[in-house]
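Chain nomenclature is as follows: A, B, C and D, assigned in order of appearance, with residue numbering initiated at 1 for each chain independently.
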Amino acid sequence: MKLSAEAQVELDQARSQSHTTLRPTVAALEAQMFLATPVLDHGFVRLVDYMGDDAAVVQAARVSYGKGTRKRLEDRGLIRYLMRHAHTSPFEMCELKLHIKMPIFVARQWIRHRTANVNEVSARYSILDREFYLPRPEDLAVQSTDNKQGRGSSLSEEEAAAVLHLLKRDAEQAHDTYEGLMGRFDLARELARINLGLNTYTQWYWKIDLHNLLHFLRLRLHPHAQYEIRVYGDAIADLVKLWTPLSWEAFEDYRLGGTFLSRQGIDLVRKALRGQSVGRADSGLSKREWKELMEVLELDPDTEIVGPGPAAT
Amino acid sequence: MKLSAEAQVELDQARSQSHTTLRPTVAALEAQMFLATPVLDHGFVRLVDYMGDDAAVVQAARVSYGKGTRKRLEDRGLIRYLMRHAHTSPFEMCELKLHIKMPIFVARQWIRHRTANVNEVSARYSILDREFYLPRPEDLAVQSTDNKQGRGSSLSEEEAAAVLHLLKRDAEQAHDTYEGLMGRFDLARELARINLGLNTYTQWYWKIDLHNLLHFLRLRLHPHAQYEIRVYGDAIADLVKLWTPLSWEAFEDYRLGGTFLSRQGIDLVRKALRGQSVGRADSGLSKREWKELMEVLELDPDTEIVGPGPAAT
Amino acid sequence: MKLSAEAQVELDQARSQSHTTLRPTVAALEAQMFLATPVLDHGFVRLVDYMGDDAAVVQAARVSYGKGTRKRLEDRGLIRYLMRHAHTSPFEMCELKLHIKMPIFVARQWIRHRTANVNEVSARYSILDREFYLPRPEDLAVQSTDNKQGRGSSLSEEEAAAVLHLLKRDAEQAHDTYEGLMGRFDLARELARINLGLNTYTQWYWKIDLHNLLHFLRLRLHPHAQYEIRVYGDAIADLVKLWTPLSWEAFEDYRLGGTFLSRQGIDLVRKALRGQSVGRADSGLSKREWKELMEVLELDPDTEIVGPGPAAT
Amino acid sequence: MKLSAEAQVELDQARSQSHTTLRPTVAALEAQMFLATPVLDHGFVRLVDYMGDDAAVVQAARVSYGKGTRKRLEDRGLIRYLMRHAHTSPFEMCELKLHIKMPIFVARQWIRHRTANVNEVSARYSILDREFYLPRPEDLAVQSTDNKQGRGSSLSEEEAAAVLHLLKRDAEQAHDTYEGLMGRFDLARELARINLGLNTYTQWYWKIDLHNLLHFLRLRLHPHAQYEIRVYGDAIADLVKLWTPLSWEAFEDYRLGGTFLSRQGIDLVRKALRGQSVGRADSGLSKREWKELMEVLELDPDTEIVGPGPAAT
């Protein structure tokens, strides 16, 4: 990912002008201001602005004057309490603004999150750059057999090369046509762009509050999310860790790393911890549901009885 | 709860006019159309309209023509899968419209759910009825000692009577003043109403999709929700059970009756089921967090080690 | 636009099953239930469900029992009053559910409306049909010179043919590759689809309330909206006219056919109607702003003075 | 409005700690940070945080690197263009966070704006201060005769005194009871508070983007808005003027000070400016609609014909 000379000048200028403010400031995040973290072959995540910090979550939860924070330990306890009990509104009091460049098929998944503010480059107005996403060979994989919307093992080196050749050929031809339509025929941009592929890069400004951002990350960092959006999630998560470390820690403990157990699942666990056994047949769960529960509990999916001590199989 | 004669005429008329439609129809819900379920002393929940049914969830998930449903068993499995994996958008394809009458302090909690459509009676425009909420004696309770925003044991009969006397006296006086301000002084309604108490009844039309309704119910049916809004949740839940029984069942199993375990909580459970012991000190949880976890697992809150077989205490 | 045999069966079945309901029903809309209105070369708008009617707007505005409507003339007056004074919440009490098939570049504009519920076909899960949008020759046009995001005059017949040849060639090749990637290499669907063009058709279920639908239509029926989304707006508008004719009439009079005049614009009009003259120099408007105002007033854009009687030029 | 000693300490501390930031900073707004503007007898509006400035609107509209702004004149022109043509998303890129204290009946109107983040003091958890709104004598007015939800002329001095006596008496008694219920009976806070009046003060943190804030102001600065919320609108408008002066100016010209003319209204204006006459009978407007139009055009409401030159009456 390389910036144009003009973009680089703008960026350098922005990074050179510091100001004095009474607003809460996060030093670790200031160090990242305006810098682009490369993602995929031409994409990036770039921090443009932020509002609030961990203390702002506490301040809002307490509806207090000034900062409203107390000792760090107390603040941490409150933030964990809020996260644990899904008191989400104080996390809405922090806001992040990013400049993101990503392939259109990624943007299409992304935009489904409706609780953000978005300004996207318009291909009715502007001419899109000749940039399209080509996966790394190792990221090309066959259709998954057990997950109908996922990918399985990687292609062989030869297959990957053949696939990339085709992807590249079509993308280049589509872009040649795009340019030719506007050049040779003066075709309206809004029409010419319909020839571009879904792997073409677009970009937007994206602004979202911390609560909704964490919800976005929870879905997009999930192993079932498509790899090409997950890497954007990773880049954004790195910023959140710097920005609101206490909220992030609580999020990891109580959301990201946690698990939802069904009524039947928690019932089984409670019984097992009390020394009782529960068999699949009595669980009220279908085969598939039981199998998913065994996986969550990190037991052998073929386990038929869960009981005290080492799970019977 | 009694309707005015005029309201009763309107209602009877509405119930007498049936139509033919090609839209999905739920017979069990049709039987409830326009009827008011009494809630608290003067409130109600009244079904005004609905869109969709369980099949509409399946239809949207499949983006199919016609109804898109298959065998009942397959549909049930899909609905449970969607609920389990938080694929929430198909549940947004059903919509419920209710007419609700409730005390203003209940309306104030209710309105915090922003994803609904609301039309409330305006006290700038209309004169509010002389109706205010007085709890039943058994619902009057002392401040909870362990839950800073809850209630504990009930008042004695004498105390309850004394409290109700005061509540009634103030509400009646406030309403007398309200009427007097408008009558004797012709004071603008928007000013006179500022004298009314938070226990005065208001009413609104409320329309919400099934996904957001289930989220509302999850929060408002929670034991920590205030009793006076929980009873509205109960009345609405009864309608949802009739309307979308498969979605409700999945909601009960995977949301309402389920539990979120933290990273540390599920780690502990996994270890215990494998025959290992986990002590509080090694859990990475604070005392309070550990205690809440023990409660979720239905173990003695003072348990210090959780291990194979009956939990050690 | 042709349905598959399977889809046709599903559709016929849905149209053959009528039910009895106490809910408000709109006969003119029932006649359209499940039918697809063709849009563009392979797209459609298909009515799936609706909630409410004009009377439901009135009912919510009055927070009334039963239907809450009075004489048709009174209801019409109230609906016009609500629209005129932007009392939008009663219009949120009606809801429409559509099944729509459209090119991806149209879906990308459409999804920017965040206040709707959407379930889209997933190309991670399903294989997309071999259908892509090719404009009619007369819809191919050059870039507009005065509207940076619009189109100007049509291409010549030869140019159009040449352009269509290119669009078709690239789309077919991209689709061949798409199929080959999945067939020959068993490439995961989520990867293969990145080779498809923005003119590929997708489809979704889309549910929205009347207020937000009218806002959508106001933007998408605007002459500056891209033709390819405007035609969907037209098809939906035809349904709204059948569904809520009074609301539509008010919308046409007070929103769609009306105009917003700026502070300076209304000031100029008031002066002119009182017999005073206003010149561009005194208007406080820039040249461009003045020119746009003259166009709104349907005066010669080069007019320099607006005054009593026929506008001076 | 007086802060508690503790609040004052917190506030002074916050105002004494300035930081260095690379984020856009607005000097005029920094001067207002944390300061409370008194509103009504005990309320206030207090600036807690902000994100962005006029340049951030331009930056997002251009999806540019760095600040993306050019000459001030160009930026002003773009902002005015965006406002004029309702391109609202760039204005969503600025965010304001306020701490507000207001009577509950004001909060009830306020919360109807759903596109904001809110954290309100909970009376289930905290004990509310003994503060309730008493209008100034000159703000007490009779019910309006032509606006069913407004107020007309002021009460006489004697009447105002009598009204205030009643309002004060009831509010004090209600608060005495509130304290007594919690003190003497240890009644749960969530129950005791139902006795309080709608004029009791509450407070919240409120965070909103500039687009939605301007929409809020447009409705709440309207002459038909209740006086007691309008004064909060005034206090917030003063902050917006300092924060984003170019956006505010465009808002005043194109929204606040402008007018929406109906299809019939703009048709009449166009004809009159071309030298034609339009009579009420031919206008297609009802009497009421015609009268409202005459008022918008600042003509005598009884005018029957609008034509060239001074309007005929």
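A few notes on this one:
Operating definition for what follows: contacts are C-beta pairs under 8 Å (C-beta built on N, C-alpha and C of every residue); 3 or more make two chains touch, one makes a residue touch a chain.
Keep in mind that this is a model prediction, so the values were computed, not measured.
Comparing the CA-atom centres of all chains against that of chain D, the greatest distance is found for A. Contact tally for A-C versus A-B: the pair with more C-beta pairs in contact is A-C. Put simply, the C-alpha centre of chain B and that of chain C have 36 angstrom between them.
The mean-CA centres of chain A and chain B are about 31 angstrom from one another, to the nearest whole unit.
In chain C, the positions touching at least two other chains are 118. If touching chains are joined by edges, the resulting network of the protein chains shown connects every chain directly with every other.
Interface residues of chain A facing chain B in the complex, by the touch rule stated above, are 77, 80-81, 84, 86, 219, 252-254, 256-266, 269-270, 272-275, 286, 288-289, 292, 296-299, 306, 308-311. Remark: chain D residues 3, 6-15, 17-25, 30, 33-34, 48-52, 56, 59-61, 63-68, 89-90, 92-93, 95, 97, 99, 117-121, 203-205, 207, 209 touch chain A in the complex.
Contact residues of chain D toward chain B in the complex are 103-105, 108, 111-112, 114-115, 118, 122, 124-125, 133, 135, 140-144, 148-152, 155, 159, 162-163, 166-167, 170-171, 173-174, 177, 180-182, 185-191, 193-200, 226.
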